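Read from first to last, the chains carry the letters A, B, C and D; within each, the first residue is number 1.
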Amino acid sequence: MLEISNLVCRYGKVTALKGISLKVPAKQLVVLVGANGAGKSTTLRAISGLVPAASGKITFDGEDITGMSAGRILSLGIAHCPEGRRVFSQMTVLENLEMGCYLRSDSKGIASDLDHIFSLFPRLAERRRQVAGTLSGGEQQMLAIGRAMMSRPKLIMFDEPSLGLAPNIVAQTFDIIQGIRESGTTVLMVEQNAYAALDMCNYAYLLEAGTMALEGPGEKLINDPHVREAYLGAGLAHA
Amino acid sequence: MTVAATGAPRPILAIEHVAVHFGGLIAISDMNFVVNEGELVSLIGPNGAGKTTAFNVITGFLKPTKGQVTFKGQSLNGLKPHEVTSLGLVRTFQRTSVFEKISVFDNVLIGLHRRTSASLFGTIFGLPRERRQEKALREEAWEILRLVGIEHQADELGGSLPYGDQRLLGVALALAANPSALLLDEPVSGMNASETGRFVALLNKLRANGKTILLVEHDMPMVMGISDRIVVLNYGRIIANGTPKEIQNDPDVIQAYLGQGVKHA
Amino acid sequence: MKRLLPYIAVAFFASVPLWLQDQYFLHTLVVTGIFVIAAMSLNLLLGYTGQLSLGHVAFFGIGAYVSALTSLGFSVEIFGLQITHEPWPAVIGVLFGTIVAGLCGYVIGKLAFRVRGAYFVIVTISFAEVVRLVSLNWVELTNGPLALPGIPPLTLGFEWTGYATLWGKAQNYYVVLATIVLAYILIKRLVNSPYGRAMIALRENETLAVSVGISVTKYLVLAAVLSGAMAGVAGGLYAHYIQIIDPMIFMFLNTVTMVIMVITGGKGTLAGPLVGGLIFGIAPVVLRSYVGPEVQWILYGLLMILIVFVLPQGIVPAIERWFTRKGGSASASKPAGLVLESSKGARS
Amino acid sequence: MDQLFQHLVNALIMGGTYALLGIGLTLIFGIMRIVNFTHGELYALGAYMMYFFATVLGLNFFVAIAFAIVAGMAMGSVIEFTLLRPKRGADIDTTMLLMIGAWIVMQNAEHLIWGGIAKSIPSPLPEAPLVIGPVSISWLRVMVLVVSVVLIAATYFLINRTKLGKAMRATFQDGGTAALMGVNVNAIYTTTFALGSGLGAAAGALLGPVFVVTPTMGDLASLKAFAIVILGGLGNITGAAIGGFMLAVAEEIGAGYISSGYRDAMGFLIIIIVLLFKPTGLFARSERIG
């Protein structure tokens, strides 16, 4: 469904991605793991059109989306749930969700999708008139996920959904993401919490300093000592 | 704990019961640790664990909600960042570590700010004392550049240096303030292997000169290789404090970094 | 060559009254010189600390009014108290004007510590506007819109030397030139000292500057005081040269003129305000014979926009860069855009 | 006491147009971080356009107001497109200098086109004032108040109740994430600048007939708009509306009870005092860190 080949991205002098390739098949959950600064977020930002590609190609459903505007890419069906949630903190819960479907104009469909989100997250329904900045971290995460779902995407990308959340909320968040995939939406997730992510995914990629170091089914990577090394440093392989 | 055999460890920096809340969000809850004189301690932890927040509290850029930081026995509570620097506790920054549009040499001269006592009057009238002082400062700036190993680039603009050299210049700037303790915020992130190698060599040199160093860093091989002691933060709380070996085999640390959901390991 | 340039410039400008026949043009040069001093003072704040003061004319005007009133004398009633001041020599007036303007700089500098960026700009504008309205409405003191006429010219000298009264344009020209040279030396020494470096460091990256132990308040306030005082000197010279001042002196356009001078010449460079000041001091006289004042101002505005787009650093750095590129490697080790005298041989 | 009522009514009427001025300016600052020095000139433009459409062309008074607003919006779009868009992301000082340049050009162009002599715009409304008890108000001023309140309400509705308004607020809070939602941030910037300019022009179109129209009328308007915006907190729309009325009251009281010469000084004194004691404005929310 989504295919990246030889993508290179630069921020000024620093090359964040040095020619990576990956595939996300339809209706699957693919994760991208790796240590801080490996280039995970940049990959997602490049897919959504927020970071220009220096070279390489990104295709979605067979269409070349490299260099398209963020709005165009969104309307093709790729939603991006950004790192750190980034809810509009001074707008209400409802307005945040409405921003999620900014490009849509089918009011009936929007209304039913809103109902769907509210049934999925009853906490948000209770607080629909509340300003998002006053929500707890977990509630903000639900809101960010709901907002991404409001565009009725074919593919949702999550950037570090567990970041800064308490462990029980993390588990809940992963359950929701699992549910999204089961309902037929493709998921590409970047996650630092590697074991949990690898445990739930269909396929995984390990990024290291802007290059793909390893790929394979989740259970295979979990047992690969290379993953642990990537996080905690070498010299541990036999620990 | 693991301080060299020069006698009992003498604490230079102590963080006691520090907590930081941003609105409802708890960035740091009850943090306690000590850095001893001459020690190299690393502060590590996953993203969002509160490391940079901790740095900001220690150096006066952020006021803690609770608790206090003491340096050389003096409480830093309520001090402004430049006053903290004056006590000899100097930091570097993750991103903006140098003055980009100023020459490397002048960068270091700016760093030497704290060492001058030039009077405004003397400066404006070009009195001998101020001239002598200025000359001495320039000498010292050269010395620092040589120590760090970027003296051949003295005339370049700070921002035009290669990335690794910029970070070295950042340390030179901090060193110019004559710190007894140096706080480095992710100094080698984004460096390539040879740059990291140079940086580690510099750190070792500084240690040999008796500087105390507190490091926040993600580069695990480097942290494991150089630290006397490692403090691990997760969710704003210290989950481990020990030697690199102890840390590497600490199940809590492994869980913090790689997450739950593992049946094996 | 570059070392000699300032001396050549001073020698050239010192010779001007000897051969210039056109008295009106000499007058233009005197006024331009006064504005150059004001622009230099603005550059200290805008160029070296990065604080855009759009009320700078207030310091200039305060210098002018205080100096004029000190030398004219006045008698006002404040809260039922009659305060009368007998005329003092003009030189003392300029000195007082400088001190009062410097004190105002202190107040504004203290404010700058609390509010930055857009807020600071607006505070400075408001300050100038309040001062203008006071000068307009405190008729008992300032004569209001009717202007303060008959301000005595400067007198120089001591009791034992006798006094020389500066009636002539050429004499005033030399006083202004000397003041410019003094101001230039003062700023140059300051900029190449720990004081100036601290200011530049704050401009370039405040967080980093603070981390090496530089106090924000101390240096911003210092820059504001020096800048205000220097603008006050310019105002005092202006009052005693023109010999009549009115509240129009506080017009926002006067500040804008100073800003254009600094930006065009090159903010944060020693020569910038001199070059920009000369251009914009003389340009109106040249343009006057071709176009009306409105068109002139339109051209100013367009030029300002153009400068931001084409030469954001200003003329002086652009010329320096051009010379370094042309001059080859001999002096090219010193990169363009450099704000401090660099390393090695530089003397203070 | 009667005097006080009269002052308060006068203040209420001026306050409406001040609020328009302030909202226009704060909108632009809040979303685009631009200190718009041309704001006063857009105000003057509104007044001149009013003069042109109503007096020179003899159009219906209210149609002329609408046209003047449209002209202000068009001018705003031009400024945004030619000066600000190419310098997107530049620091605030750079855009400030551009705006100062544009301000000089606009003011002197007005001078050139219309001459320095003040223009007056006759109003079609009855001459005899409306008298309620001790207070008397001209019908023209009543109209000014009504129209400004309608425009304030319309702006409020646009920002809080429409999709465009939501996109504007989202861009204001987090441009990057707004772009992720599919908002065309560039278009929002242009719209915002046009809208803010239109409000400034509206204030000019309304006050033009009350006072006279001169090329320098924009200067004081700009400075007052700054005062209003600082009172309300930069970027705070409701704050600007309240700030507008507060400034008007302060001016009326200052002029009525202290000295009319200092009427215009009130705004600046307020700025300085507010910034000294509460630099974030009277109605700013406490800022969130992190």
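Here is the rule we go by: a residue touches a chain if its C-beta (ideal position, glycine included) is under 8 Å from a C-beta of that chain, and two chains touch if they have at least 3 such contacts.
Please read these numbers as outputs of a predicted model, since none were measured by experiment.
A.B. asks: Could you tell me which pair, A-D or C-D, is linked by more C-beta pairs in contact?
C.D. replies: If we tally the C-beta pairs in contact for C-D and A-D, the bigger total goes to C-D.
A.B. asks: Among all chains, whose Cα centre is located farthest from the one for subunit B?
C.D. replies: Following the centroid criterion, the farthest chain would be D.
A.B. asks: Averaging only over C-alpha atoms, locate the centres of subunit A and subunit B and give their separation in whole Å.
C.D. replies: 33
A.B. asks: Based only on mean CA positions, could you tell me how far subunit A sits from subunit C in angstrom?
C.D. replies: About 56 Å, centre to centre.
A.B. asks: Roughly how far is subunit A from subunit D, centre to centre by C-alpha average, rounded to an integer in Å?
C.D. replies: It comes to 43 Å between the two C-alpha centres.
A.B. asks: Note the residues in subunit D that touch 2 or more other chains, in rising order.
C.D. replies: In subunit D, 288 touch at least two other chains.
A.B. asks: Which positions in subunit A touch two or more other chains at once?
C.D. replies: 133
A.B. asks: Hunt down the residues of subunit B that sit against at least two other chains at once, touch-wise.
C.D. replies: Answer for subunit B, listing residues that touch two or more other chains: 23, 25.
A.B. asks: Which positions of subunit C touch subunit D when the two form their complex?
C.D. replies: Interface residues on the subunit C side: 50, 52, 54, 111, 114-115, 117-119, 121-123, 125-127, 129-130, 133-134, 136-137, 252-253, 256, 259, 263, 292, 294-295, 297-298, 300-305, 308-309, 312.
A.B. asks: Once bound in the complex, which stretches of subunit D touch subunit A?
C.D. replies: The touching residues are 163, 166-167, 169-170, 173-174, 176-184, 288.
A.B. asks: Touching subunit D in the complex: which residues of subunit A?
C.D. replies: 48, 50, 69-71, 74-75, 80, 82, 86, 88-91, 95, 98-100, 102-103, 133, 147, 151
A.B. asks: Can you list the subunit D residues touching subunit C in their complex?
C.D. replies: Spelled out, the residues of subunit D in touch with subunit C are 29, 35, 83, 86-87, 92-94, 96-98, 100-105, 107-109, 111-112, 219, 223, 226-227, 230, 234, 259, 261-262, 264-265, 267-269, 271-272, 275-276, 279.
A.B. asks: Across the complex, what residues on subunit B touch subunit C?
C.D. replies: By the definition above, subunit B touches subunit C via 59, 61, 80-82, 85-86, 90-93, 96-103, 105-106, 109-114, 116, 118, 120, 123-124, 126, 130-131, 134, 137-138, 154-157, 160, 173-174, 176-177.
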